[in-house]
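Here the chain labels run A, B, C and D in written order, and each chain numbers its own residues starting at 1.
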Amino acid sequence: MSSFTVRTDLALEDRERIEGRGEEIHGVVLEEERRDESGICVTRVKIETKNGAKVMGKPIGTYITLEAPALTEQDEAYHREVSEELARQLRSVIPDVQKEQAVLIVGLGNREVTADSLGPQVADRLFVNRHVMLEFGKAAYNKGKMHRISCIVPGVMARTGMESAEIVHGIVKETKPDVLIAVDALAARSTRRLNRTIQVTTSGISPGSGVGNHRNALSAETLGVPVIAIGVPTVVDAATIVGDALERMEKDSGLQIIGGREHPQAVSELNNMYVTSKDIDEMIRRLSATVSEGINLALNMEAILSHKE
Amino acid sequence: MSSFTVRTDLALEDRERIEGRGEEIHGVVLEEERRDESGICVTRVKIETKNGAKVMGKPIGTYITLEAPALTEQDEAYHREVSEELARQLRSVIPDVQKEQAVLIVGLGNREVTADSLGPQVADRLFVNRHVMLEFGKAAYNKGKMHRISCIVPGVMARTGMESAEIVHGIVKETKPDVLIAVDALAARSTRRLNRTIQVTTSGISPGSGVGNHRNALSAETLGVPVIAIGVPTVVDAATIVGDALERMEKDSGLQIIGGREHPQAVSELNNMYVTSKDIDEMIRRLSATVSEGINLALNMEAILSHKE
Amino acid sequence: MSSFTVRTDLALEDRERIEGRGEEIHGVVLEEERRDESGICVTRVKIETKNGAKVMGKPIGTYITLEAPALTEQDEAYHREVSEELARQLRSVIPDVQKEQAVLIVGLGNREVTADSLGPQVADRLFVNRHVMLEFGKAAYNKGKMHRISCIVPGVMARTGMESAEIVHGIVKETKPDVLIAVDALAARSTRRLNRTIQVTTSGISPGSGVGNHRNALSAETLGVPVIAIGVPTVVDAATIVGDALERMEKDSGLQIIGGREHPQAVSELNNMYVTSKDIDEMIRRLSATVSEGINLALNMEAILSHKE
Amino acid sequence: MSSFTVRTDLALEDRERIEGRGEEIHGVVLEEERRDESGICVTRVKIETKNGAKVMGKPIGTYITLEAPALTEQDEAYHREVSEELARQLRSVIPDVQKEQAVLIVGLGNREVTADSLGPQVADRLFVNRHVMLEFGKAAYNKGKMHRISCIVPGVMARTGMESAEIVHGIVKETKPDVLIAVDALAARSTRRLNRTIQVTTSGISPGSGVGNHRNALSAETLGVPVIAIGVPTVVDAATIVGDALERMEKDSGLQIIGGREHPQAVSELNNMYVTSKDIDEMIRRLSATVSEGINLALNMEAILSHKE
């Protein structure tokens, strides 16, 4: 019944596992690019086969990560570069992006918990035109080509009595978008990536998820349209952070303290707790500006993005 | 494209037409009760036949009005009486109210325009339990009989790109409630009724409506489940208010000033303007507390309401 | 005790009186400029002598009005031009603007009434640095010259139990700024100017004011520092609008309807009512972006504004 | 520049130190009461002499703690009991509480960071009457004796450029209250006390405090009026929680892992991080209702509180 479920699904953290192996995996393609000027690092993991999915422990799909260390700082020009990079990556995973389409954007999360409010705050800043296009057509905007864009903030179960996924399923059936983009705050395993990593995936998302809860998933399988998920890690599960610190401690000291046994009390007390940064309000404000600008750019069919596309 | 459409549909204002005729209308039943202690006046118009609907210019259905003059004052005991009266009237129009049912409540309107935020603010204060009932059953609450209650705030078209009705239709199809309750701010024709009248109707509601726009209606016909609408007039259309003042002026003075001709410029400038009270924030805060308490009481199967039911 | 007092003090509306006279007034200088590209019209009335003040019915001071008809539209480039123009005009009335100073900006009004939330919403978007300057000096920003900027939203009397002016007086005595800028929503006499006019004055402002209530004034006299007020008309008093419509009606029709007598009931019912536009949430959002950008630009000592300064 | 400074100053956690000593301290009086029905435990530590202050490491004053384990649950009757208990304790520390006084309540913290928004959310629910009393006297309320109550939410330094303390100092000098009550979210050392402990102290509070920063303190010494602080721990500093877990681990295992050395990297990464509960929005909503009701009851001179006073 908690209103803020911490998810631990940053694909980047699996990448490190692969690299550690020093070998190629059949069915998995890994690309990495670094933008010289901005230092933004883009990693793209494509899981193409069932074997790849098995080895990686993730569904078939594309997993893109933007690491932008300065994203936590107040630097408008830098944030603009990140927005452009995000727009480019989004275009690379939207099927038939040059064709006019109906796009539904979903702002997941809880507007009233700062660290979980990324989705709703991004939604507040999106360009939305479906209602105008339906009534007046493109003429209203004096433009050549336009997607038809709509947006929903489903809210949290404690307030609605419904899964976010139920609400989204209903709206998708009623309004029949061609593609769905979902935005959510994520949990990372370590504080190092908080507020400076943006993940774009094509394999769906489970809002407030538990593993295997298929009823709640937003994915191409459950919705019948492509689903692109944009996530930014803004919290770390508190039990995870302490558990990890203890394990590292053990390793560093060469002593066995907790090994093999269940987590000590110090950790279990932390269930239903999360860790976040003290300036999370500023962080979310900036991140939501950057992510919404990225989406708006990607869906503006007349915006030309620099760099190769 | 405006985000706040002023509706002029307070049924009470038609009642006055009937009374003026001093005769009975076939197919229309009119009842009026006054609570002695509180001075709350309850009027119930039942339009039962096609003839009644034609004469009244409204669909077949029940139209209940609570007039509570002191509703604009800060008097908790009085507001509690109004909540109880509202609960009683709601129970009188919910089909099979003694049977456990799934109820979806819809908070219509625009959270960001104070005078239009009644629906969202009522939604914030509702008791919601559908998610708990689905997971744990009534056992979670230690109660005998319970409705399963869910709630949605669809938001406004300028932000979502979708009609509120589209969003609600989708959610109704997906979650299959037995009855729908919609809450919205209304427009009255005169300032006298602002913030002191609650209307309960069974004939549906058209959020942000224009007449005859069936695609947008929330009604038993379009949704396949009973729809109960709760409305409170919080604004008056500005052109209406000036137009009415001018007409009264004409009548009082016995002179023909605007008669027959189109509205003068003074009035047409007021298109897309509305009139509301300067303390509308306090008004909405109190009204949303009163209306939400009325709904919570009505749907609490173990709450016993005083007076005859 | 109402939380939103409608003020009727748009100086522009006095200007029309002067022009009507077709003659010069001793002690009053009137200048008007029109920006060709943008169509923005800047009027500057300087009341320089006691005689001028008497004739104009306003204190000695400078009254600047920016009329920008397209301000109600969503056109970023146009809003940027208005911001620049506002910045230019602000610099023209801040004493010793080339010297580093401590500036306190006050966001007046009620955040919870949309039409009255301009001041608080402008405050949310201001660049503020006083705390950083006090702790680290200009070094923190790598800049040559900087003002020290602070900001307060005093809130409304119904919530604080204090006049906004009391709160501001206390803060001014404690933090000793060199100049104060106050931002507030205003009332116009006609709907034609709503949301498209920005007024900058140097003669002070009375938040939630009644005439002659000196205890409440924010002015150079009461505070001991120069006070620059920025106001945008967002509402019209409802009684005013109907009264004016009736008078025009009388004049047009040549008939005497209300002349000489007190206002008819139709008007008196409108006390404590105001008129505003249905899309006031969008209006305030855009206006607050434009006004805050104007202030930020004016106070950024390294920003170079185009046009003559 | 961070907008949310985690404070670690729950006096209760010092009490445990005293108790461990099993002896009396000169100049320190300790009382403990447990309410049988509700299980609420009230501890009162009075530090009366300089010696007591030295031993306890805290200024002379009264430190009251209400521990109410069920405070995290949604039980209105229980919350009402806590409100009454809080009212009783507040009355015990307000000097001359039977005499009519001017009371200023300060809601400290950051409205935009959920875990830090207790002060502002309490302020939203306070009964405020100073402005009415000044204009109309007690007659407006038809009551015998009334305090004059005002309230301010100073906001955070990142937004105002001023210390909260500067703003409050200015307002105190201007409006001259007889007593000040400050409400703030606190940091505990352990998660066990989060959201279920209310602390009332008479020795002042330092909003966003660092040790020894006297310029920022709100206290009888700096303000010249009695200061009563109400705090509820809603977060734990993340570095503290991990550090503590590690130390306990060491003790339990009998091994020296980190002893004597500086905190390991796992901990230092956590600077500027805090831990809070996933349902912090519900917690703050309930706590602010309970604390505001406690203050409103305490300051209502006609409310009679049960139990001994």
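Operating definition for what follows: a contact is a pair of C-beta atoms (placed from the backbone, for glycine too) under 8 Å apart; a residue touches a chain by one contact, two chains touch by 3 or more.
Small disclaimer: the values here were computed from a predicted structure and weren't measured.
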Contact-graph separation of subunit A and subunit C, given in steps at minimum: 2
Copies subunit C, subunit D: same or different interface, half of numbers shared as the threshold? same
Which of these, B-C, C-D or A-D, gives back the A-B interface, meaning over half of its contact pairs coincide by residue number? C-D
Whole-Å separation of chain centres (CA-atom averages), subunit B against subunit C: 38
Just how far, in Å, is the C-alpha centre of subunit D from the one of subunit B? 43
How far is the middle of subunit C from the middle of subunit D, if each middle is the mean of its Cα atoms, in Å? 40
Identify all positions of subunit B at which a residue touches two or more other chains, and write them in rising order. 1, 158
Residue positions on subunit B within touch of subunit A in the complex are 1, 123-124, 128-132, 148-153, 155, 157-163, 166-167, 169-175
Tell me, which parts of subunit B touch subunit C in their complex? 1-6, 110, 112-115, 158, 190-192, 238, 241-242, 244-246, 248-249, 252-253, 255, 257-258, 264, 266-267, 269-270, 272-282
